[in-house]
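A, B, C and D label the chains in the order they appear, each numbered from 1.
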Amino acid sequence: MREAGLIVIILALCIAMSFASPHFLTWGNFRAMLMSFSIEGIVVVGMTILLIVGGIDLSVGSVVCFSMVVSGALFLAGFDPWTASLIGIGVSALIGAAMGFFVTVIGLNHFITSLAAMVIVRGMCLVVTKGTPLSLFTLPPAFKAIGQGSFNNIPYVILIFVVVVAIFDFLLRRATAFRKVFYTGSNEKAAQFSGIRTKQVKFWVTVLCSTLAGLAGVIYMARFGAATPTFGAGMELNIIAAAVIGGASLNGGSGTIFGAILGMALLSVVTSSLILLDISVYWQDMIKGCILLAAVSIDHFLHRKKS
Amino acid sequence: MREAGLIVIILALCIAMSFASPHFLTWGNFRAMLMSFSIEGIVVVGMTILLIVGGIDLSVGSVVCFSMVVSGALFLAGFDPWTASLIGIGVSALIGAAMGFFVTVIGLNHFITSLAAMVIVRGMCLVVTKGTPLSLFTLPPAFKAIGQGSFNNIPYVILIFVVVVAIFDFLLRRATAFRKVFYTGSNEKAAQFSGIRTKQVKFWVTVLCSTLAGLAGVIYMARFGAATPTFGAGMELNIIAAAVIGGASLNGGSGTIFGAILGMALLSVVTSSLILLDISVYWQDMIKGCILLAAVSIDHFLHRKKS
Amino acid sequence: MIQAPILEIRGLSKAFGPVKALSDVQFELRRGEIHALCGENGAGKSTLMNMIAGVLQPDEGDILIDGQAVSIHSPATAQRLGVALVHQEIALCQDATVAENIYMAAINSRRAPLMNFQKLYADAQKVMNLLAPIPVRTRVADLSISNQQLVEIAKALTLDCKVLMLDEPTAALTEGEAKRLFSIVRGLRERGISVAYISHRMAEIFSLCDRVTVFRDGRYVATDPIAAVSPDDIVRKMVGREITQLYPDKLAPKEPGHLILSVEGLSDGRRFADVDLQLRAGEILGIGGLIGAGRSEIAQTICGLRPMASGTVALDGKRLRLRGYGDAVKAGLVYLSEDRKGSGVFLDLPIAANISALDLGRVTGPLGLLDRKAEDRQARELTGRLGVRMAGIEAAVSTLSGGNQQKVAIAKQLSVDPKVIIMDEPTRGIDVGAKVEIHRLLRQLAGSGVGVVVISSELPELIGLCDRVMVVHEGRIAGELAASELGEEAIIMLASGVQDSSNQRQAENVV
Amino acid sequence: ETPNPFKCEPGEKYVMNVMVSGVEYWFPVYEMFKQAGQQFGCETAYTGTPEYDVNKQIATFDQALAQKPAGILVHPMNSDPFIEPINRAIEQGTAVVTFAADSPNSKRVSYITSDNNAEGTYAADAVAKAMDGKGEYAVLENPGQDNHDKRVNAFVARMEAKWPDMKLVGRAASNQDPTKAYQAVLSLAQAHPDLGAVFMPEANSAIGAAQAAKEGGGKIRVMLADVNAKILDMIKAGEIFGSVNPDQGMQGYMGFMLLWMAKHPDLIDPMNDAKRSGFNPMSVPFVDNGFSIVSKDNADDFYWDKYLKRRGTKGIEE
């Protein structure tokens, strides 16, 4: 199993770190790491499913931002924050539907469609905010709690993340509807010859990915109490990297949610370790890249040996 | 032919623009557009060939920067600029070779390998420069001329670009060695069965792409008389977009240099038009993305009709 | 003095994980002979060929060429040693032209720095014409699967080799193309080239080959001169038992039941026109014709896999309005694709998931969740019935031999209890024993009231199995033959358009 | 009666040029640039690329140049790449003034900026004083961006020189990304439970950093440079300690003045060698536009949207 290799690598890193820094193996640090990737983790879920169907979405960073910005602007315009958030998520889903349209009806590929969407949606963020961050300082505490509160010392953000991951991991393994995603990504033609409406499948997965990005945007808004028009730029590469490290193939047909989350965790552990070890900022990027490369290589090696 | 559709679209845009703005059809504006994409165009050449073989390179922006930074640092350390540049290009080729190694020997995919390389090489730029731009004011005029001089009012940069494009376009269409690139990208197994050493092919194409990025870096250095550690960040998406608009497939097996350059030209004309039309910056990104999407859709439509 | 054989295999073994594909096998190919290699699906024939061609590496044992032990690490090495293989699965570069595919090896090894496309096209067209007049400037992706098979063979003919191995080259070819291939292969033999030939068609083996080697369960059984054995002997050695009746009994002439499938005036506006077809419960209808006649297109259009321009399709008297193939499946109309690898199976997915793909509803429990147990049960039952050789139902289909992949594709169709089943080259790559099983199964299905249509390029199959055969020529029904009229001559005449005068006229007009 | 000399010819146009043109830092600069232009009866325009890309910025600079404006107020993303374009502009008679970042080796007539070193130094003093000169601090960086690096370096240098008991315990790259800043501050707070302050040279990171500081119990003082509405709100709420904010308005207004003067050298009869040497007598090499310290008490005066509303202007869109 692909995941086993990643778990081994992550554990090895954690153990090494616990010797190097006494602060590493504390609940505080663990919580900090989890917090730092749990919202992005929701986006990873959608991206993984999209990769399985053979697509890709470069627009997620922009969509996260747009959902944030739209909800924020609506809130400032007098909507209650829950309605505003629902509309924000709805608008994200619409963006997904638009991309799905271009992919399935017009016949463009996911890469170029979502690249254009990335630019367009980022532009819309600018249009809505006029370039200035919206300060949502007045968000009611009940809403802010989504991003900042916790339950028995476990932040809601982490709970939401775990629930979303658990649900989609389960569905992806067990639900009939999601099985079609694998068929379509594995061999689209064979899926069509099995009576599967592959275009529909691709369409809905595209919508799902954007919707989850929208959800993430709303949670970010609750956490930061702000909506910044530049938020999430460059996020897509990190997210795709996590999914690919976790075993998703860019050619479609394979990938797991759990693996992708482990990929995300690996990236997070590395980043956090470098900071804890007080590595010079000039060296951080380089070391991070090297560890990443080494981890992926080792994982690949473990994986290959098994199969 | 894919290219015909793009030419039609670009011409249509230009004609529309020449009515909208008296400044559009001037040599000054034309020169500005050509200048703005001709060095990047050299990188596009390498990327297109890499896409044809089924690879992708996210590290080009970092490599452009590293080549610049290494050459610059060597020049400041007393090397003559020509030698320094050659070493810069050589180092870029080495980076390509390292990526090629991970792809062909270790067996990682191009995406994740080049993503790691992007981070690592960017880190190396920071390490070499300690984060501050190198001022290369003292570069001898003969060297600066590469980037800033012109011949009969045609900048050398544009001449170099045209020569590189012409050579590789010709080679890709006619050279036996480059046909293997198509075969490998189209069906690696089939190519292997015909005795083609597909790993070698992939390796050398990866090296070529980085080398051309290195060449671009050196020209940028001559043009700007500086080496900035953040240069070229985000360049990769633009470059891949150009190649894909020009007909290169992300699954390998198809693409042309000429098409990719037209893709680049389209992006450039759109950007330039928005500025000349004095469109509000808030709307620029959005309109740009929409035009891009429309252009790709129209192109796709023209193309589909023909075939 | 006896010359050393050109190719000799000694004590070769190969395992894929726990699966022993070959154990301690031997094989000997003499200069200038055509040597058949027989065995059931999964016996290890392709595995052996792949090792000789450098695609796979043996675990132990020797490969000797001209009496010299060699190690063949890669296809390139094999090529240098003069060994060439036509793979069982089509392996062509879809984006490249036919000509480039044909001469890919030559282009690779030649030193010329620049391509000479004029010469390439001219030479390639010459080679291609030996088999069929496929224009060589076409992209391979635009060819039908059987034409791709022809390109694959043409590719082998250009190789400058001493040993040519053909792995089921005729699996989807009709008589005409197969005959042309045989005369070419005989020509090669005259030139001293040695040929190893894998096929499940006994008739071919007896008309073409000099000797035959049989494998069973990954083990060597025997090698005999062809003159010294009968087809029954070979089958017995392959299967380990006697096969008494090759084809099941046909339907008594007056028995056909009610009309199940009725197609009228079907056209797609491009490849075929005015197709009428009636299928009655209990009968097996055959469809014959040459490659490119449009049989597959007709079948796919009936099932909603391609858009129709005009015409009607009625199932059980009710007119069908299909928005897509999914609707056809729901209505009980299923189609087995001739392109196994491209559209028949999901190579990377487990066998069980492949079989359940056609109707996931059957393995879905409450709440829309998959019922894994039901899925496994279904897979176990169907693979058992068809005798699929596999490590387990969780194994990826890509780990199966070609014939066993075909069985999985068939199992998928059978999983849904269809009303009408249209099978395009159903026994492509299936061994003799399994073929008998599948034929019996089809007959059983027909007997239970299912309408069965079999498209086949193998004339004996059409003749032996079907109650009635429709022959297609250039997109039109050229004629229909009742069981009593069936014969190779009759089918070929119709298929080539010789008999039907109206068609002939049309053909002239087209030209 | 002499006609008023401080007036533009018809069609005399002054352009401002920046990169990442959609972000609000530039807006007050342009606002005052525009106000000055209007007072002189000149046309003004706001140009630039929405991207963080020097190559694209130069393309927009070149395009602006192709329209032969009277002057360009440019923020060169990197200094040396602009030498050639700026010199080309000067040659064709377009005056060029750089602001907030310089291209010192070019022939630009003036450079106007706040003093990044002073900003960093001041920020360090403010933080250290609040901590009684004793404790641990960290910095978030954006390595490679010149003015940001200057602020950070000055901050650290000041601490070392003047506040020996202030200990630098960590540097992390946040690259203007709030999520990265958030993660970095959380990690830093884990490794250094006594962390008392964190400084970053821009506002984007601060949103994430402040949130992390808040979740860490509010012991960490967040200090930054630049402001936006969110930052101001947080300053007012006490979630952010303070900010040093360059006086963007002066940057724009004086930027215009410098351009206008450079374009009209004949207004004075120079009492030096300018005429002989061909030197522009109206060039002012360097102007410091100053900066403000934003704290709880004065934060209300820095809201951009309130300013726009009060003035009734359309900001960069006119």
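Some observations on this one:
The criterion applied here is as follows: a contact is a pair of C-beta atoms (placed from the backbone, for glycine too) under 8 Å apart; a residue touches a chain by one contact, two chains touch by 3 or more.
For reference, the UniProt names are A, B = ABC transporter permease; C = Sugar ABC transporter ATP-binding protein.
In this text the structure is predicted, and so the values were computed from the model without any measurement.
Across the two candidate interfaces, B-D and B-C, the one carrying more C-beta contacts is B-D.
Once the centre of each chain is set as its mean CA position, subunit A and subunit B turn out to be 29 Å apart. Between the Cα centres of subunit B and subunit D there is a gap of 32 Å. Subunit C has its Cα centroid 45 Å from the Cα centroid of subunit B. Work out the mean CA point of subunit C and of subunit D, and you get 72 Å between them. Multi-chain contact residues of subunit A (touching two or more other chains): 123, 126, 130-131, 234, 281-282, 284-285.
Multi-chain contact residues of subunit C, defined as those touching 2 or more other chains: none present. Residue positions of subunit D with contacts to 2 or more other chains are 22, 50, 143. Viewed as a network of touching protein chains, the structure does not reduce to a path, ring, star or complete graph.
Of all possible chain pairs, those that touch are A-B, A-C, A-D, B-C, B-D.
Interface residues of subunit B facing subunit C in the complex, by the touch rule stated above, are 174-177, 179-180, 182-183, 185-187, 189-197, 253-254. For subunit B in complex with subunit D, the touching residues are 23, 26, 28-29, 31-33, 35-36, 39-40, 126, 129, 131-133, 135-137, 148, 220, 223-226, 228-231, 233-235, 268, 271-272, 275-276, 278, 280-282, 284-285.
Residues of subunit C that touch subunit B in their complex: 53, 55, 74-76, 78-79, 85, 87, 91-96, 100-101, 104-105, 107-110, 112-115, 155.
Residues of subunit D touching subunit B in their complex: 21-22, 45-56, 58-60, 62-67, 78-81, 83-84, 105, 143-146, 149, 316-317.
Only residues 305, 324-326, 328-330, 335, 337, 342-349, 353, 357-361, 363-364, 368-370, 372, 412 of subunit C touch subunit A when the two sit together in their complex.
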